[in-house]
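Consider the two complexes below, in which chain A is the common component and chain B and chain C are the respective partners.
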Partner chain A sequence: MKRHMHTFLSGAKSRLLPASVPFRFFGAACVYHVLAWVALFAGADQFPHFSGGLGWPLAALHLITLGVLTMTAMGASLQLLPVATRQPVFALRAPAVIWWIYTPGVAALALGMGTGQTLLLTGGATSVVAGLAVYGALLAHNLYGARGMPNVIAHGWVALASLAVLLVTALSLAYSYGGVPILTRPLALALHVPFAAYGFMGMLVLGFSCVLVPMFALSPAIDERSVLVSCIFAAIALLGVGVAAFGIAPARLRIAALVVGSVAVVVHLRLMRHALATGLRRSLGGSFMLVRIAWGLLVASLLAALGIVLELPMAGLPTLFGMLLVAGWLLTILVGLLQRILPFLASMHAIPGSRRPPTPSTLTAPRPLAIHFYCHLAALCCLAVATMTDSPNLTRTAAVTGLAGALAFAAFFALVLWRRRHPVAMTPVRTTSVA
Partner chain B sequence: MAFLRQVSRALDDEHRTNLELLGRIEQAFARASQAGMATDPDLVRLAGSFSRQLEQDIGRHFDFEERELFPRMAEAGDGDMATLLGEEHDAIRELAAELLPLARAAAKGGLAIDGWDTFRRSSLEMVDRQVAHIQKETMALLPMLDDLLDEETDRNLAFAYVSD
Partner chain C sequence: MNDPRHSGDASPVRNPRRWVEHDGVHIDVRGLPPPEPMVAILALVESMRDAGPVIVHHERDPQMLYPELAELGWAATRIDGVAGEVRLRLERLE
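Right after this comes the complex of A and B.
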């Protein structure tokens, strides 16, 4: 009780948000995770050769990007950034306002995309953009006054700049269906995909990985100069892709951007490998297995992007690229890290009255996570083969398998919340082992 | 992250030493069979180190943080974080009090089989609690000291801590 009273008393200067704030974002992400696989099932006939345009594949894509990835990133960053940047939470009510604007907006947008109802689509897009704009303002305020952790701050600024590009292009693409585009469709698309995935989400993931991976692995401080080098190379790569979108030496600039981006990724992955190798915590379980697989899929997405730029004669390559990038890298690393973050955050907000507050490992649920692990990887494999063989049936198999995994993940989330209120006896899970 | 203050570095070093010991204890328990724990020389030796850590290091480390650092955090508006860390100290102290007689008895070879089982379970709980607690301090307390302590205070506190 003491802590809750103090949280109230310390008011706006606090760095800890009430549990309800990050958890409402994570809860919504779990729901949209389930709905994304349902939407993919509905669009299984179009998915293998999907190259844009309204329909359920587009809805599934945005349920993942906006509903799961961005939703999770907002929930995590709203709590982690004030701690990492030594800044108090600026506006305690703003995160809840963001959630209320953004969450129904994602649902409307996805439904509009799936059913082809442009009014629903543009209304949802407006709501999503408004929510993200408020989030961007909070992010900017936090980064502006930030102290410490220059690696997170640098990545944060690049993510914020990418968010600005993302919002303009998103509005343009959405309103083009209503007949009032801001930019031409090819330009908007050429900016939207890389700045949304590699720019906004990617840079947040890379930046937070530099904090979360050493923290969970209990490794010594990672080399901040190398992190900055990686960030600068990534920013240059994004700039190159941005210029190329305007038709200036597009092929050469995109290849150069891929080379520079690959350097950024190599530097980042070397840092991560070093952190895991030198950490006191070696056995990090299935969560970090997913993180490692995601890193491999990040590299694979860059190779697929190169294949597209070089116009390799390979069926389904653009769809495969999107799959590797969004479901492969971003979704896999987020669900991997979230398996650690959720019990960790929940243990910080234990319900008063228990004899000893629960620890993260007693709040986790290994069985649903094991089911999710296998289903998620099986779904990714099925999707990859489905795109290469143009197989709707395999896409349906992937959707059903992914759905089972998403339901297992949602069960894990529900169990974390349940155990937070009803602590179980201390039987620490073995994956917390150190050294 | 690299810490600028001597106090942060000293506490971080202690955290790492502490984690290494806990890791060795956890591994030793994982290796030893239920029946063989009492006669495992590695476990018996580690129980001695563990009892010293429980008896001396935890109290000294926690007392210092609660006396010198948490009030400064609270003054800077970060009282909820200080309270959270303080509550975790209480839980770890309580567990340490339960563990200490078991660790002492284990080190002297005077712990019965069922006592070893309790010792194992409580030790693993201690690993779990300390890991989570150190992760929070590394993320939220130690970097904060760059702002909370000026150079002179840092020097004085670091000197006082190592002399304690």
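Right after this comes the complex of A and C.
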């Protein structure tokens, strides 16, 4: 028995970063998740007809995109990519440096956006861009030397190219408030939104899903050719949106990009559905319920985008599009996957010398997750109705509900960390049912 | 894509080579694309009626496998293998 204690995960840590690295990113994401709903409450009067410009709705948006989505993507990719691509981390201290540059930058940027203090905004933006640039360099190094996992690598390269566009446009937009724009504001905005959401975050999500979904479902490997087809279609769609931003046949190109992008999404969702249908683990709980809902909201975001391009006379459509895309698809799929990743990672990082390595099922916390599940979905519904009815009160209701969900999710994260440090002798719940 | 065993959305889990030696049941999952090595190993472990050890022949350190093994009450120990191979001995925890 004692031998097992010391040999469990023997050699497994060779490509694992210290636990403090991914968990500090996830911890910061939990904090910013809470703050995002607080910022939305503060900006509830402006949110239903929000179409850009400084204020708390913009701060709330970036607390989600930078504070939660990008923060989590960095933590997860820094930890999982070296394992998936069989590449050691290029510079072991770099992830911590990124965190220290990036995390305060997000806070300053959001505060600058909310209060309208341009010095705080530009300073925060510079810090965020610097952190993301270092992350981009690490990502590029890892992808360049990667072995295997061509589907993840292809998505990674498209995400990296999108990150480059995102960084330039982000700096331009931030510095435009200080009077020194790099690009014109309409051009920067037309590039920033699609390349940040569908390009950078979206491609990372699609790529990692091709690994994580079969892994959690215990399904056969996904067909690499289909994954690459989806990736190529998505890249072409992004290219089309990019060219359209420069005013070249904008309406036609955007419609074409939406059609091509929809093909990419359909191929991806078909692969995901097949993985779930053929996996040995059929019951994936609330986490994958959120993942499935997120996939539906991804499709809804594309339909909303089409409505905007066709100039449908629907009040609040741009706000609804942003809500479906950021809070609907990206945030929902991320919190869904994170519910499984966090206990799994905590188990991989079992404290040495513990009597028996904690299992993912003994580390998780179902009750806070159940609270988060209902609060998150209720908040999304309220937000959608609030944008369509131009209702600040409904926005406030959504913010309070979302805040309750975010606090429950933070409690789940805290419990995972606490149980990892204080493992109790529990019989693991058998979540694997292998025929 | 060069693997002719791939076709369609996903192929059924390919059968890895299995055999029995004096030190336990051996399973060779080299050459299988992720996550199929993990799926094959878990399926074998789950099907084991006695507590006999399982020897895994792998091409990489299967870091994602360990939490799933622990969930089933098994643990892994790295043992000596041939060059370029990661060999693991899996045993049921008491």
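By definition in this document, the second predicted complex is superposed on the first by the 412 of 435 C-alpha atoms of A that agree within 3 Å, B and C clash if a C-alpha of one lies under 4 Å from a C-alpha of the other, contacts with A are read in each partner's own complex, and residues count from 1 in each chain.
Just so it is clear, a residue touches a chain if its C-beta (ideal position, glycine included) is under 8 Å from a C-beta of that chain, and two chains touch if they have at least 3 such contacts.
Just so we're clear, the structure is a prediction, and the values are computed from it rather than from any experiment.
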{"item": "Contacts of A:D45 with chain B and chain C, given as first, second, both or neither", "value": "neither"}
{"item": "Touching partner for A:A275 - first (chain B), second (chain C), both, neither", "value": "second"}
{"item": "Touched partner set for A:S226, first chain B, second chain C, both or neither", "value": "second"}
{"item": "Touching partner for A:D390 - first (chain B), second (chain C), both, neither", "value": "neither"}
{"item": "First (chain B), second (chain C), both or neither touched by A:P88", "value": "first"}
{"item": "Residues on chain A lying within both footprints (that of chain B and that of chain C)", "value": "3, 7, 9-10, 14-16, 83-84, 86, 148-149, 211, 214-215, 218, 220-221, 224, 280, 344, 347-348, 356-357, 359-361, 428, 430, 432, 434-435"}
{"item": "Chain A - residues contacting chain C, complex", "value": "1, 3-4, 7-12, 14-16, 83-84, 86, 148-150, 211, 214-215, 218-226, 228, 270-271, 274-275, 278, 280, 344, 347-348, 356-361, 428, 430-432, 434-435"}
{"item": "In the complex, chain B residues that touch chain A", "value": "1-3, 16, 19-20, 22-24, 26-27, 30, 76-81, 83-84, 87-88, 91, 94-95, 121, 124-125, 127-129, 131-132, 134-136, 138-140, 143-144, 146-147"}
{"item": "Residue ranges of chain C in contact with chain A within the complex", "value": "1, 6-14, 32-36, 38-39, 42-43, 46-47, 60-61, 63-64, 66-68, 70-73, 75-78, 86, 91, 93-94"}
{"item": "Complex contacts: residues of chain A adjacent to chain B", "value": "2-3, 6-7, 9-10, 13-16, 83-84, 86, 88, 147-149, 211, 214-216, 218, 220-221, 224, 280-281, 344, 347-348, 356-357, 359-362, 426-428, 430, 432-435"}
